[in-house]
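These notes are about the structure you will find just below.
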């Protein structure tokens, strides 16, 4: 029983990480339809931002540095996203597969840049004192850093939800997503909306990067470990659907950890993939589907 | 007599408009079969063999992606299926009769594991090298294309598949050799350390590449090839012409998978080892760069792209490793964003513009611009 | 700018000259016989909105049957259901005794039903000849598809001549003028030898001259086949229709009538004249809404 609780906790923890890394994609991929393969590198940029802020403030201020790096990473990754959108992605509108490949090229360049700036060796980010250690819930040991990630995922999701459904910017975003021409004709500056959407989505990747520094060391290829999973979450959840992404992330996390418990890590990964393909057979639109008429 | 000559000429040279292509084919064949083995050092010839193996994968990608609009980001999976099938057979052939291969005896295994068993047979292995990837692709294609998963979604699914395959291989160390992969010394009686035998292996690779190229060319030029382009550009319209787009796409996807499997099987003796490191997400997407650089719409361009990009990689990554990685990224960005027809496009562009100069202003603008896939 | 489209070759053929309003009304040849297309009790809903309700519809061999009605009347939806693109909520569609509902789009083509789309869709990367050849080859198995084609099949040659595209055979379809694309699409249908052709707004965006030629082409197609035409253009209908069915708000307003009967029908006039008046008062889309057709279900969206 305790074993089961422990696996569920691990699953929720994996799920919250998946949610964090996929959240930004629900904007860039889901809302704008842009497959940004450099999203993983924006996560990496967020992680290195944490490292830089910590180095700059010195050993005495680990806690302050960590909290400060959340907004800092949001801005750094967001600006990277803004530059990518303005320089390349905007020119590739209507060419989704080419966008995918071009952003992959950008990802390679960013990885090498990180290698040249910070060295090929991984760097360590120190945890603030209050994230060390853990407690016991229902007889299961839970680490504080895992709880922190869950809380952060929750907060980031709530923030994203607020922007999309309660703010003017969010309404415009949805308008542009549903009918670009009509939105443009109604006086919405679609280019500006695209820029903001991309800033927000990329910035969220940076925030995810901060959280990931608490799980291990930071290296140039950190983002590559998350990118495929993040895309699967968005595809399985239904494009541009926050609710779908939340459900998909948690279900995938739980599946991963429970199947791993019954079999082993390498098989679990394969089984989860097969489940996703099977699920897309039943619901090609993902968990939360947009109702449309005509050819989708 | 003259009638006979005419027949012979038609058979060998073909219609007049194909003459330049056939001459080019003959020149390249001459360079690869006669000139390269006599001019290049054993080491260089081995590298060229590797590039040509990659070119076999590239032909398949040009078919599926360039013609069919299916961006295959998981060719590493099919490459690996062919490669591992071949490596298993070669390892069993090298091991003493009835004994498990060397890497297994190190961990104390005494019997050949069940899934390895059938690969003792040469015929079975040679069939599986092509059929296993084709079967996997057919199954995946039937499932995925039928539920109308396409464009980037399909690309991401194939990528995830390659990632899952690598994780699986690493995890199943007792069967797969884990991250070390499988190493081979001989190839059907050829000693892979012997320069003469390596030369023979090189010629086998050239022959297989030529065969794959001709198969790909036949596919592209047949009605099926046109149908594939039609599906790429307007899948729903094809459906209302009475064709099932799912089957059309599955054929191209399976063909490209079979080519990747064949390449994987040749990669094993040429390089001497197959491991997860050459199959994952990154190697799979590199395969797409070769085709992007060479020209996704041209099979010959894809071959040229595979050879040139890999040559550049060998040369640059030794001397300036950092510069190569930037260069590779830039190559991706520049070619895909600004020159989607790649190297092959340069020739076409020249030909079109020469035509435009001659014809004056009423050139046909739409003839050349349909590179982008229907998403 | 774009080359002047060449007229269909069949112009001189008396059998396909445009109908003149003063011509005696044509009685369909097999009025008594079993209709080729028989639709009963058809209904479809999109998330609570009734796009079609209780539609009965017959079409016989050899007739040009026009399907008219204001925007949102459900004309395209009806075509979508016949061709398998949309699944009906209730009702049946039988074609030559064969039930079509539940079959996939490409199977329905094999039964002998072909359609065009509002926005002409041809394969722009292929030549005109290749487009027609592909259409004509739809019954070939994979083995024969893998051969390299040589020459043109008779069906392709006929389609080239009838559509007047013989001179453009090696031209890329993407380089054709708008009207020529429409003709190519119709030619592709012809090359398939279907028994029922569904044309969705075949003259949209065409010049008066091109309309006449398209009408002649349609009359040619109707020999030995059934042609169902969805159209807004009343003048075009008057010139080329044998029978007319009027749809309004997803229901049949007037079934299987002659042009004269439809023109004399006060309820049809109400729908159209009411609509015309609204169109004058408020512009386009809102006019349709005022006539009772929900703007959201505009026919264009279903295409």
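Going in written order, the chains are labelled A, B and C, and every chain counts its residues from 1.
The rule is short, and it goes like this: contacts are C-beta pairs under 8 Å (C-beta built on N, C-alpha and C of every residue); 3 or more make two chains touch, one makes a residue touch a chain.
Note that the structure is a prediction, hence the values are computed from the model and not measured.
Chemist: Shared touching chains for chain A and chain C?
Modeler: Chains that touch both chain A and chain C, as defined above, are B.
Chemist: Determine, using the mean of C-alpha atoms as each chain's centre, which chain is farthest from chain C.
Modeler: A
Chemist: Decide which interface, A-B or B-C, involves more C-beta pairs in contact, and give its chain pair.
Modeler: Comparing B-C with A-B, the pair joined by more C-beta contacts is A-B.
Chemist: Indicate the whole-number Å distance between the mean C-alpha point of chain A and the mean C-alpha point of chain C.
Modeler: Distance between chain centres: 48 Å.
Chemist: Between chain B and chain C, what distance separates the C-alpha centroids? Give it in angstrom.
Modeler: Their C-alpha centroids are separated by 44 Å.
Chemist: Give, as an integer number of Å, the spacing between the C-alpha centres of chain B and chain A.
Modeler: One centre to the other, that is 33 Å.
Chemist: Which residue numbers or ranges of chain B touch two or more of the other chains?
Modeler: As it turns out, chain B has residues touching two or more other chains at 236.
Chemist: Check each residue of chain A and list the ones that touch at least two other chains.
Modeler: 295
Chemist: Please set out, as single numbers or ranges, the residues of chain C touching at least two other chains.
Modeler: Counting only residues that touch two or more other chains, chain C contributes none.
Chemist: Help me check something: in the complex, which residues belonging to chain B touch chain A?
Modeler: Listed in rising order, the residues are 69, 71, 140, 143-144, 146-149, 151-153, 155-157, 159-161, 163-165, 167-168, 170-172, 236, 281-282, 285, 288-289, 292, 322, 325-326, 328-333, 336-337, 340, 372-373, 375.
Chemist: Mind listing the chain C positions that touch chain B in their complex?
Modeler: 83, 104-106, 109-110, 114-115, 117, 121-126, 130, 133-135, 137-140, 142, 144-149, 171-172, 174-175, 188, 192
Chemist: Can you list the residues on chain B that touch chain C in the complex?
Modeler: For chain B paired with chain C, touching residues are 218-219, 221-224, 226-227, 229-230, 233-234, 236-237, 239-244, 247, 251, 364-367, 369-370.
Chemist: Can you list the residues on chain A that touch chain B in the complex?
Modeler: Contact set of chain A toward chain B: 35, 88, 91-92, 94-98, 100-102, 104-109, 111-112, 115-116, 224, 228, 231-232, 235, 264-267, 269-270, 273, 276-278, 280-281, 284, 295-296.
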